[in-house]
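Got some structures for you, see below.
Next, two complexes with chain A in common: one pairs it with chain B, the other with chain C.
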Partner chain A sequence: MLAALRHRYGILLVLAIVIAVLPLAFPSSYYFRVASLVWVSAFAAIGLNILMGKAGQVSLGHAGFFGIGAYAVAIGPTHLGVPSLVALLLGCLLSALLAFLVGRPILRLKGHYLAIATLGFGVLVALVITTESRWTGGPDGMSVMKLTLFGWRASGSDTWYWITGGLLLAGTWIALNLDETPTGRAFRALHDSEIAARVTGINVNRFKLQAFVIAAVYASLAGSALALMNGFVNPDQAGFLHSIELVTMVVLGGLGSVLGSIVGAAVLIMLPQVLTVFQEYENLLLGAIIIVSMIFMREGIVPMLSKFMMGRRA
Partner chain B sequence: MPEFFQFLVSGLTIGAVYALVALGFTLVYNASDVVNFAQGEFVMLGGMVTVFVHAAGVPLPLAALVAVIVSVVLGLSLYWLAIAPARGASAVSLIIITIGASILLRGAAQIVFDKQFHKLPAFSGDTPVQMLGAAVQPQSFWVIGGTAVMVLLLYVFLERTLLGKAVLATSANRFAARLVGINTTTIMALAFGGSAAIGGVAGILITPITLTSYDVGTLLALKGFAAAMLGGMGNPLGAVAGGLLLGLLEAFGAGYISSTYKDAFAFIVILAVLFAAPQGLFGRRTIERV
Partner chain C sequence: MTILKVDDIGISFGGLKAIDGVGFSVEAGQIFSIIGPNGAGKTTLFNVISGIYEASEGRIELAGQDVTRFAPDVLAARGLSRTFQNLQIFQRMTAIENVMVGRHLQEKCNLFADLFRLPSVTRQNKETRAAALAFLDEVGLRDHADTPAGALSYGACKRLEIARALAAEPRVLLLDEPAAGCNSVETEEIDRLICRVAAKGIAVVLVEHDMKLVMKISDRILALERGRPLIEGSPGEVRANPAVLEAYLGKHGAREAARA
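Up next, the complex of A and B:
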């Protein structure tokens, strides 16, 4: 099984098996819910990893796109009478368009300047969502109409387990395939050295923008899925701390590793669930665990483990 | 016109706090290249510790001193326990570590203190002073004056003392600083302790006006970061100018345009500035070496 993880379709196969087999061990619907949360977050993290891990650009405002997707499926059916699925697509379109427009000037920036610009963008989206309470319900959030497809209503945590699981498989498949395309190679080139990439004729700005738009669409889709699953949205999903959570999933799992993003998401989603037993000590422990894991696993869990396995074999 | 002056004073007051947060940011960034998102938590700590020590019957100046000491101790611990062991980690990893630290500090504050809003008495009464038709809280003078004193002290420290020059040398070139015998690790710890002290003082000064609670740090850190960027990252005077500018923008924006979007102005401006001048207002252009 571990050898399979070295091959592109091996990862996909193992993931499919895990998704299919996991429910056998679930004692209650609560587990379905937590697992679905992991799949959704992993999906968003995989998208962000294309931007961060492959193209080497940081975004501290990615929850902004997540929020746009989430509120698209909330506002569309409630206020505009648009069906959920169309609203979801409109959300993706809006996120892509916004990423395209904002990305053009932002992605010229480097390092901490790029960090603060993306952060500013994310904070602005969250502020608009919090303030325009006529549309969004303000800080309290709003409820989301259930997804209905040809008369079939998607509800129940096991249904959403399979929907989000399928979504994650599709997202993983696309991300893995991207690696081997000219675009994927261009991402890697500009990750290693922007100037070298430019010298070899790669249109650096175009590919950065492409990575940004792809990551935005991933986040938007994840946001829509989560909103439809929960039947509820609130501004925290677009907030700064959620952006950081996504970045932490990517970095903790391993920059550039698709599998890493899934592992990172699993750790970061399950950790608070486990820590709730510590009640008021939850934040204290969460902070401590983030610090300690970044110190001792700075390359990320998956790259570290794979190095460990390789080392043992040699 | 009185309206204008009113906005000016409130802008400078809140801007002074942003300036202090940005100054702390810059000090740490220059010495260690770390963008410290936990900077806002020291402002929270300065306010909260003073409130609770004062409530326990300790006179205000002494309570403030305790708060600064607590901030410095935690700033040093942040460096020794979280930043120093992560030496060589990437910039994003370090950002995540400092955010982890800010979550930790916030979590600790909600246990040690509580989740309520708290107020400190103003240092010299609540009777507003009439100036040019505007009513100015006496505490505003404390905030602006206190900030000026902090900036001056930092300037004297950096320019007139041997230790300060070692900090500057470390900022300029860490490797060369080590070659001439400067213990750069100590300098970095000093920068963390110093910036924690600056943050703590900011929290003590502003709490009588804005109140404080365990979770005020995040937004302050974001705005402090924005202010530091606005001035050009790594430039202490730029940080102060950026902070004051941000405060003024917020006050005038809230007064003349929209008060519900008060918090948005900082980020709209930072985006606009970065679009036009990618190195910040007072930053120097850098050239990438291949």
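Up next, the complex of A and C:
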């Protein structure tokens, strides 16, 4: 099984098996719900990892795109009479367009400056969502019409488990595809040395923008899926804390590792559920665990584990 | 045939003229070396020619076309490649992946084809890998193809950079101190490699401190001092010029060297 994780289809197969087998151990629908949450978050984290782990650009406002996707499927059917699925696509399109327009000027910035600029973008989206209450329901959020496909209504946590699981598989496949392609290599090259990438003929600005747009579309899709699953949206999904949560998933799981983003999402979604037994110490423990794991696993959980396994075999 | 023509180039940083009135031209297949003491402006000149800095004055022509103040990636597409004095290797990629990045301009790159990794992408990737392997072979790194670049020795990284630059199939290759930090065996390998590259008709512009290497392989040499041209000529002419010795050693040192 470990050897399989080195090949693109090996990873997909293992992931498919995990998704298929997990429900056998689920005692209640609550577990389906938590697992679906993991799949959705992992999907968004994989997209962000293409930007952060591959292309080496940070975004602290990524929940902004998540929020756009979520509110697209809320506002579209309710206010504009657009079917959910069309609204979802429109959300992706809007996110891609915004990422393109915003990314052009700000991706010229580096490091901390880029972080602040993307943070500003995220705050702006959250602000618009909170204040335009006529459309968005303001701070209280709004309900989302159920997804209907050819007369079939997608509801119930087990149904959404399979939908989000399928989505995650597709997202993983796309992200893994990028390795071993000119685009994927260009991302990694500009991450390691922007100047060397430029003199080898890589249009650095163009590829940064591509990575930013890809990550935005991933986040938007995840946002739409979560909103349709929950039947409800609120501005927190576009908020700063959610942006930080996504970044934490990527870094904790392992920058540049697709599998790492899934593991990072699983840890960050499940840990709070497990830690509820400690009641008021819950957040304190969560913070402590993240700090300790970053000290001892600086490269992230998955790269660290794979190094450990390879080292033992050698 | 003149392939690179640098005409009266100048650049200033906050009033300080780092390069002033430097000009030279290089023909296809020629090895043209730029020498000078530390701080003479050799690397700055390279940065201007490769588009990393913008020239404040002067004109650069590549294959007869004005390319002054062009961006580095545009210059690369026009056939200009370079290496760096302080290594600029893609550390987290394997050796062969580094060279494959060098093939970027030779590859068709379509985002959607890549996202779905269409059969054409896989096919092209195979071709790129085969081509990259040939370039690794050229610099003697074939056996290290799948080694992470970060784990290669300093001398191997120097050669890897040359392979990456060659992979772009350039017309002009700028080499910034390719032999720096290399032992005599490695220097000899690089010496032979440079001659092979020039024999293929690529114009090589070399910045190097190893005078033995420079004098041995150069067709022409330009000596710089404090950003200004001192003399340009054949290795014999430059070696015989007292001003060059003086620039390196100072007046007193040159007298001592002449006496010795």
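In this section, the second predicted complex is superposed on the first by the 314 of 314 C-alpha atoms of A that agree within 3 Å, B and C clash if a C-alpha of one lies under 4 Å from a C-alpha of the other, contacts with A are read in each partner's own complex, and residues count from 1 in each chain.
Assume a contact is a pair of C-beta atoms (placed from the backbone, for glycine too) under 8 Å apart; a residue touches a chain by one contact, two chains touch by 3 or more.
Keep in mind that this is a model prediction, so the values were computed, not measured.
Participant: Is the arrangement of chain B and chain C around the shared chain A a clash or a fit after superposition?
Facilitator: Here chain B and chain C can both sit on chain A without a clash.
Participant: Have a look at where A:Ile202 lands relative to chain B and chain C in the superposition and call it first, second, both or neither.
Facilitator: second
Participant: What is the contact status of A:His191 with respect to chain B (first) and chain C (second): first, second, both, or neither?
Facilitator: After superposition on chain A, A:His191 lies in contact with chain C alone.
Participant: For A:Val251, is the partner it touches chain B (first), chain C (second), both, or none of the two (neither)?
Facilitator: First partner only.
Participant: Give the angle at the C-alpha centre of chain A formed by the C-alpha centres of chain B and chain C in the superposed arrangement, rounded to the nearest 10 degrees.
Facilitator: 80
Participant: Where does A:Gly287 make contact in the superposed view: on chain B (first), on chain C (second), on both, or on neither?
Facilitator: A:Gly287 sits against chain B, while chain C stays out of touch.
Participant: If we overlay the two complexes on their shared chain A, which of chain B and chain C does A:Glu180 touch? Say first, second, both or neither.
Facilitator: second
Participant: Quick one: minimum Cα-Cα distance, chain B versus chain C, in the superposed arrangement, integer Å.
Facilitator: It is 6 Å, taken between the nearest C-alpha atoms.
Participant: Indicate the residue numbers of chain A shared between its chain B interface and its chain C interface, in ascending order.
Facilitator: Dual-contact residues (chain A): 193, 195-196.
Participant: In the complex formed with chain C, which residues of chain A make contact?
Facilitator: Residues in contact with chain C: 174, 177-178, 180-186, 188-189, 191-193, 195-204, 210, 214, 256.
Participant: Taking the complex as given, what residues does chain A use to touch chain B?
Facilitator: Answer in residue numbers: 52, 58, 60, 105-106, 108-113, 115-117, 119-121, 123-124, 127-128, 131, 193-196, 240-241, 244, 247-248, 251-252, 280-291, 294-295, 298.
Participant: Using the touch definition from the top, list the residues of chain C that touch chain A in their complex.
Facilitator: Residue list for chain C touching chain A: 50-52, 71-73, 75-77, 81-82, 84, 88-93, 97, 100-102, 104-105, 107-109, 111, 113-117, 121-122, 124-125, 128, 164-165, 168.
Participant: Write out the stretch or stretches of chain B touching chain A in their complex.
Facilitator: 35, 81-82, 85-86, 88-93, 95-97, 99-108, 110-111, 218, 222, 225-226, 229, 233, 260-261, 263-264, 266-268, 270-271, 274-275, 278-280, 288, 290
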